[in-house]
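Multiple structures are listed underneath, in structure tokens.
Below are two complexes that have subunit A in common, paired first with subunit B and then with subunit C.
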Partner chain A sequence: MALDRRVGFFEGLKYKGGGPMLAWILHRISGLGMIVFISLHVVASFFTQEMGSDWAISINIVYESVIFQLFIVFSVLYHGINGIRIIILDLWPRMLRYQKEMTWLQWLVVIPIYGLTIYIMIQRMITGE
Partner chain B sequence: MQTRKVPHPGWNLEYLMFLFTRLSGLAFFLLAVIGMAAALIMGARYQMDLGTLMRWTFFPNPNHVLDSNIPDVTFGWANGFWQIMQFLAIFFGGTHGLNGLRVVLEDYIKRPFWQIVIRLLIFVLWVFMILVAVFVVLAS
Partner chain C sequence: MKVKLKIFRYDPENDKKPHYDKFVVEAEPTDRILDLLEWIKDYQDGTISYRRSCAHGVCGSDAMRINGVNRLACKVLVKDVGTKVTVQPILGLPIEKDLIVDMEPFFDSYKSVMPYFVGGEENPQKEQLQSPEDRERFDDTTKCILCAACTTSCPSFWANGEYVGPAAMVNAHRFIFDSRDQAAAERLKVLNDQYGVYRCHTIFNCTDACPREIQVTQAIGDLKKAIATSRLD
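Presenting the complex of A and B:
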């Protein structure tokens, strides 16, 4: 909510929200990251397909780079799984009592899937498949 | 202290978008599961690499997987069912995303004037996106 806060950026970082606050920030960042990725992808595909322009191909190089791909995989996975947690909490508000445990459980789900994915991606990148 | 006007509880935009965000999130899981399962059943396990499978899963358009070495994409895939699925994917994904952008931006914008400007801009973007989506889906 757009309250009139007079809190600086670094002071805001000191706020001890813990795991759920980290989840909120990451949900926001990953959502915005997906918007950036999909917008770039749509714009670049459109201009490549319709006009075959060079600058659209250079946008392709940006979002097909490995770092961007690793970020996007994390965004999709984290946003999706965090979204499931939010839906569960909204449908059964009694679960709010176990919100910390659910946040931990969520990391236990995200880390193995993401780790396996980036392991395969980095392996493919190194062997150059 | 200047605060944002909070609407009364009821069937207003905030509540509708709250519901829509949850429902479209679930719907996106459903679309992804159906798309991936169908691609695997229709031969993805022999013909597709992981990237192509992802492209097929999140936007099941024949043109989207053209530059992979799949023999014939149109076989079994270029029909009305997948066109509806594509349109739903764009509609749910785009509306969810643009609404999320609106929520994030309105958290950091204090003045009502700029809030209205942002809402209008995002609405225009949304309409434009839907039109482009209809064009892309029907033209391919």
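Presenting the complex of A and C:
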């Protein structure tokens, strides 16, 4: 019998697709990341409000942690900028031939803004403002 | 030079699970991966199975994953990939034996977009002329050899085999943008569907995989635009 067509998650990830495939993976991770963040926020707020429970506060601790914040700031920024790139490509297919240049441009926007944001975040953490 | 090959093996009659076999082959840098497979089949292990026909990148039989990307074995040279080579079947189609996959689902998608010329008149008495500019419009997508390298490199196709996939869309593009053809609307209707253009996330694996250097993502982009605007210009 033939082996079925299913492609395992890691098998797919191992395909050497290059930059645009990575961009797509990051877009999806960041999209899901934002959903997780917003969901946790809503759930935590609900439980704090309705029951004042301690474990609602422990949810807060998760998404207010430094690592989660670094992740979520990156997610919002990357998803937004990459989303704009995808929208441009979908609306003006002529731009598809400049896809490489657009990806460079995109990182040129994302990296400084992200760098500046974490700089400010860490500075505030240290000075405790 | 010695080339080490790791080749995906699956024998439907004897194996429950696939495994990999290793071979060492003496080769020149200018040998093609297909030459190495032929050598192995002739002198080391006659049971190894793969498709090939023309051996010159025309028939589209021997698309496979070579070091993790879809390529034609007859177009990749040893010097392109180095002395350690892993060969696996293309992804997302049922594996029949070793590197041979069942291409039927792929051709079903191909057929679904009416990949043939639909003229206006029943019995035209003279040729239908076309300007060089109009011919140029779909030149790129005439080059497809239906090897399935693009479709089986696409994560959207891996996730769902109902997706018509890049190859079918390339061939739809070939006729939709032909100024003489009359069935563009019907084809666009097939593609304006949850299994049509909307599953393309501009991942570009297809464009990278195409052995004919067709700008596949560009063709799909043209189709998205045609559907969104109901115009072909």
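Structural remarks
The criterion applied here is as follows: the second predicted complex is superposed on the first by the 115 of 129 C-alpha atoms of A that agree within 3 Å, B and C clash if a C-alpha of one lies under 4 Å from a C-alpha of the other, contacts with A are read in each partner's own complex, and residues count from 1 in each chain.
Simple rule for what comes next: a contact is a pair of C-beta atoms (placed from the backbone, for glycine too) under 8 Å apart; a residue touches a chain by one contact, two chains touch by 3 or more.
Keep in mind that this is a model prediction, so the values were computed, not measured.
In the superposition on chain A, A:G80 makes contact with subunit B only, not with subunit C. In the superposition on chain A, A:L105 makes contact with neither subunit B nor subunit C.
Which of subunit B and subunit C touches more residues of subunit A: that partner is C.
Contacts of A:I57 after superposition: neither subunit B nor subunit C is touched. By the touch criterion defined above, A:I38 lies against subunit B but remains apart from subunit C after alignment on the C-alpha atoms of chain A.
With both structures placed on the common chain, the touch criterion links A:P20 to subunit C but leaves subunit B unconnected.
In the overlay built on the shared chain, the residue A:D90 is in contact with subunit B and with subunit C.
The residues of subunit A shared by its contacts with subunit B and with subunit C are 1-4, 86, 90. Interface residues of subunit A, counted against subunit C in their complex, comprise 1-5, 7, 11-12, 14-21, 24, 27, 86, 89-93, 96-97, 99. Listed in rising order, the residues of subunit A touching subunit B in the complex are 1-4, 28, 31-32, 34-35, 38, 42, 46, 80, 83-84, 86-87, 90, 120. Listing the residues of subunit C that touch subunit A in their complex gives 10, 12, 18, 65, 67-69, 91-96, 102, 105, 153, 155, 158-159, 161, 201-205, 208, 215, 217-218, 221-222, 224-225, 228. Chain contact summary for the complex, subunit B toward subunit A: residues 1-4, 6, 22, 25-26, 28-29, 50, 93, 97-98, 100-101, 104, 106-110, 132.
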